[in-house]
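The letters A, B, C and D name the chains in turn, as written, and every chain counts its residues from 1.
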Amino acid sequence: MTTATLEPTAEVNSHPPKPTMKALVYRTSGKGSGRPSWEDQPHPTIQHPEDAIVKITTTTICGTDLHILKGDLPAVTDGRILGHEGIGIIEKAGSGVSSFKAGDKVIISCVTACMKCDFCRKGMLSHCRHGGWILGNLINGTQAEYVRIPYADGSLYHFPKGGDEEAMVMLSDALPTGFECGVLNGEVKPGETVAIVGAGPVGLAVLLTAQFYSPAVIYVIDLDDNRLAIAKKFGATTVINSSDGNAVETIMKLTNGEGVDVAIEAVGIAATFDICQDIVGAGGRLANVGVHGKPVSLQLERLWDRNIALTTRLVDTVTLPMLLKVVLSGKVEPAKLITHRFELQDILKAYETFGNAAREHALKVVLTNT
Amino acid sequence: MTTATLEPTAEVNSHPPKPTMKALVYRTSGKGSGRPSWEDQPHPTIQHPEDAIVKITTTTICGTDLHILKGDLPAVTDGRILGHEGIGIIEKAGSGVSSFKAGDKVIISCVTACMKCDFCRKGMLSHCRHGGWILGNLINGTQAEYVRIPYADGSLYHFPKGGDEEAMVMLSDALPTGFECGVLNGEVKPGETVAIVGAGPVGLAVLLTAQFYSPAVIYVIDLDDNRLAIAKKFGATTVINSSDGNAVETIMKLTNGEGVDVAIEAVGIAATFDICQDIVGAGGRLANVGVHGKPVSLQLERLWDRNIALTTRLVDTVTLPMLLKVVLSGKVEPAKLITHRFELQDILKAYETFGNAAREHALKVVLTNT
Amino acid sequence: MTTATLEPTAEVNSHPPKPTMKALVYRTSGKGSGRPSWEDQPHPTIQHPEDAIVKITTTTICGTDLHILKGDLPAVTDGRILGHEGIGIIEKAGSGVSSFKAGDKVIISCVTACMKCDFCRKGMLSHCRHGGWILGNLINGTQAEYVRIPYADGSLYHFPKGGDEEAMVMLSDALPTGFECGVLNGEVKPGETVAIVGAGPVGLAVLLTAQFYSPAVIYVIDLDDNRLAIAKKFGATTVINSSDGNAVETIMKLTNGEGVDVAIEAVGIAATFDICQDIVGAGGRLANVGVHGKPVSLQLERLWDRNIALTTRLVDTVTLPMLLKVVLSGKVEPAKLITHRFELQDILKAYETFGNAAREHALKVVLTNT
Amino acid sequence: MTTATLEPTAEVNSHPPKPTMKALVYRTSGKGSGRPSWEDQPHPTIQHPEDAIVKITTTTICGTDLHILKGDLPAVTDGRILGHEGIGIIEKAGSGVSSFKAGDKVIISCVTACMKCDFCRKGMLSHCRHGGWILGNLINGTQAEYVRIPYADGSLYHFPKGGDEEAMVMLSDALPTGFECGVLNGEVKPGETVAIVGAGPVGLAVLLTAQFYSPAVIYVIDLDDNRLAIAKKFGATTVINSSDGNAVETIMKLTNGEGVDVAIEAVGIAATFDICQDIVGAGGRLANVGVHGKPVSLQLERLWDRNIALTTRLVDTVTLPMLLKVVLSGKVEPAKLITHRFELQDILKAYETFGNAAREHALKVVLTNT
């Protein structure tokens, strides 16, 4: 998001002095990793007519937030409020916001979208010329009492009557990421054989949403037996612990040497990508969901004649309205991904739990601001 | 192709002793490379009720044949008759052939297809359980006076009235390869920007068939100015000689830093694949057409969030009937790819010309058996 | 199917005299309606190398068979053995059959497909130049102890290990018809609102298979409360008895005046088609499944600017292999459609039950030949 | 467009008194037909922050305008300024307009789109909850010196450098209508056989844009030999004058009884719709483009098993950016549709010419405001 498009306009700047608020701030010396800090921060204000200020009622922590703390995303600088998921209530809407007004309860998309640029018109909101993933990244995010949401009309969704807040906060990022990057890009079809490599929150979101299309077989591969047990409960037909190095062999045996129709990478490292390219069958699809930090070796000498498609995607959250309908219909229960709950003021404890996910048996941790 | 499915059946084996024929045979000591040899070979016979014997009237040499001579395809063994493209007249059809009879003029697909297995039913004829690309590879091919075509009903096409033999022999492999692996997989659309990396016969077949979809811009990149001049004549809007190492920079400048909608790899080496992954824009497609001998490095750390699709494909020739209609309508002239013509008996000279393509300014060389 | 393609060939005609068999024969004076007759008929013989003779173990009666008895299909003439669905065991396979041999247990598709003609290559097996729906229509059918299946390789499917014969016989016609003509053509998607007009066996097959795609809402409309109760049990979210003439009003109210995403016509008369065109929302799809005997009035003056698609289709059974996998995975239980069971020799009783479906609460009736 | 969303806001209403302007006004007593009147009208003003006022430089007359004059669109009331196509220069942009500023040259889409509602998000701009086709219909239009464009960011497009004004004004409606409703909905593919029924401006726009996909054969059917001669010049492979009532027979003969792959209705009456349903082949598509005033009889008794798709659509102009690129690339010349040119002040003469299109050999008439 260029500063030009966010330049304050005279019209909206006549704000009274605001009280401060509490927020989870990324503190770093700028060299390598940083730490989360729960601090007073200025209450956000409307900076542009299309902005809205949202009082957060529920938020959560994403694996990406941990990457930020490790220093993996250098664009995130000292002082940034983290967080890109949340439910809240509109405190104030700018004069250019037409679909929302103060008091409306909303789901915040992790993607900020102007809805007018060429990418937004193509449905690639993640690449919005004026937005994309900026919350808790290039601008302050949702792990706070209040957050400013630019392009509110394109970036917020009305919270549905009768909706469950814990289920709905999974629509900010986790469920659409699994669905769009994994299931839609993987073109999962009834009767097919799907393999999901990685059973973290996103891999499990793939698992839950893959079942919208009734594949006959879903393999889930991970190193953690606890997560595999959850995968089994969530609908995996077979789970495979890959710590013995035999996952590829096992799947090739189970598929009579054919490989799978869809292999979904939900980790973000070379080892799991390699499993995917080893097991994808002729005519199959390899959908990458994981965030990768390094190049991988693509076995084109073997794959060039296998009629496969390999896809990448940053979540666009264009399916959020569809997913909302499916959640409301009871066909999927995303709140099942939630293992731990905290008050927002205890977010440092929540980070500690989430940061030791394996030991804590943690998937998604939810924070409530009451 | 398993031997089981090709086992001679008693019913069809009561053939009279046949005269020999002339054929281009791959001769190798089995260690590394080999050489082409023009020799007497047994006249082929029906071995299975679904076979047909075709008298070749026109054939051609493919880049893959040169790879075979270099020893790159170890499955091709000493004594194999090469060639997988051709036009001819049916000398004899097996009792199980229903769509063709002796005397019919036919186009031979480079892909042998039973039309009944699961892959054939999905349109993936290239992966037919009993066929695929076997001609001039696992069984004797078309660079001969006669050839046996298994599964004739699925592997031959009626030569159209008024068709031009030189244009039609391009439908055996070259044109469908460019079209299916490059244009269809690349999903070229009207108004888009396409880059084709490699201006050999297959890259030029991509160029000719990409224009079926009216892209606004077609860049063609190659190291050979002669081929680029031909590309320009065939419809490239801009040609770029990449020998200065600036092709990526040039294209990014021409596209205002956006990259292209479709990047098509038509060479088969890491350097050209790298150009493709460097220039494909967000939301774009990278269609691999080239035959690769080695893995490539895929820049997933940069591409994971770019919403791209990368495809591979062995030509299925399922579009042969469609292409035939387009050729007959005059909307494309594949015979333009032909630069040299020989009598079939002079095929060794043709191999020499084709093997020195750059020096000889050769694209496709055609052989006629009169 | 033209007689030309079925002409007996010398090779296969050296059959010993065969015993007779029992079969359900359509008897008519040729004027209007006819009657079913259980009679001795000649045991079928191989007439073409691609034929197979199948001993029927399970068959069923289709609504279309009742239409034939009423004289609605004049192409069906006196003496025709009816039936186009069945499971059986191959008694003898012609010399041109490569995928099946005597003793194989098979699922018979209602569609006969050569797999080589242009329509078969496009996946439109229903329009096969040499087949299509001919069983129990233009040639003798499956309601008999034995049946001749032309183009056996394209028209039969291996019965899966562990398969249930009652479930599998639903794959001959009922399930693929609902799925292909209703669900696939209607492009049912997760979260959508679907209306199925007609809760007979085919409408219920639509209902069962629509759930492969997780729509949020499925309305089922019918005049028969018993069938609606079954629909409710099979997954309809709301059932509507249209006998009060208010079905359209009810659905428009339930959808806040928006109409449905997909309206599926599963009866075949103007009244039900009209409900569909009245309730389909802007951007929606109207998939016709019903067999219509008369033109309908299409409200183009209202629909021309509504961005809708209306589709028709004769089942191609191309999804039979996919459906087989879904059935085996337990994600759908087509045997739930079966309400009555008879011995094959009691087929006249079965016709009586099926002919009084409302009174008998009959859906599919299954016949076993033990 | 509900009045609620257009309610003036205080912020933008402090306009100085404006001079009047000239405009083409629909005058009617409210009973049946009306007449065009060139009158003084108030200069339009910003009523909503997302509005822009555009000074018209080029506009044109659409067949729909003639329908309005005949009283066929009762929603258009006395005093409405007509016109929904145009090129112009922004005089003033509301404070909520972010993509355009005063002085920008723009193409006006005939469709007004908020870009935020559910329909806009699906790409169905024609059904925008707050816009759609309202220009020259429910609000004042473009046949005037100035026009107010609501939701300017979603409804205007930057005029390209080097663009030709006459070519670009065809992008407001004519070209996208032919392309989206006819070619895209008809899914025209390379090598296919297409029939276009009606050679008026929209039928010819179908003809021009169908060629983006390289069909092998395009039949054009009309009653007017002059228009057929133009169609021939524009790329029709065969033209057929249907005044002898034999068009169906002719096409069936030309297609060997198969019918066409795509039949496109570009008139809007039962007779031309009937030609389309008579000639569409099995597996074909019937794309309706014409504006219909009455229901038609759909031959479902014949079509139910023919695997066809029938589509309707109000143009969404979502392809305007794509078409713009194709026009700029020179692959299509929409200005060829223009037969007559007038000064804007002579628009009454232009209406007379366009109203007698057959006699005047008129297609599109263009009006310039210099």
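Here is the rule we use: a residue touches a chain if its C-beta (ideal position, glycine included) is under 8 Å from a C-beta of that chain, and two chains touch if they have at least 3 such contacts.
For clarity, every value in this text was computed on a predicted model and none was experimentally measured.
Student: Comparing A-C against B-C, which pair counts more contacting C-beta pairs?
Tutor: Between B-C and A-C, the larger count of C-beta pairs in contact belongs to A-C.
Student: Over half shared numbers or under half: where do the identical copies subunit A and subunit B land at their interface, same or different?
Tutor: Same: when the shared numbers are divided by all numbers used, the fraction is over half.
Student: So, what's the distance in Å between the C-alpha centres of subunit C and subunit A?
Tutor: Going by mean C-alpha positions, subunit A sits 44 Å from subunit C.
Student: What is the distance in Å between the mean C-alpha positions of subunit B and subunit C?
Tutor: Result: the chain centres lie 41 Å from each other.
Student: Hey, what residues on subunit D touch two or more of the other chains?
Tutor: 321
Student: Residue numbers of subunit C touching subunit D in their complex, please.
Tutor: Those in contact with subunit D are residues 119, 122, 124, 126-127, 185, 268, 273, 282-283, 288, 290-301, 303-314, 316.
Student: Any idea which subunit D residues touch subunit B in the complex?
Tutor: 189-192, 211-217, 237, 321-326, 328-329, 331-332
Student: Inside the complex, what are the residues of subunit D that reach subunit A?
Tutor: Within the complex, subunit D touches subunit A at residues 5, 9, 11, 49-50, 95-96, 98-99, 114-116, 118, 120-121, 123, 153-154, 318, 321.
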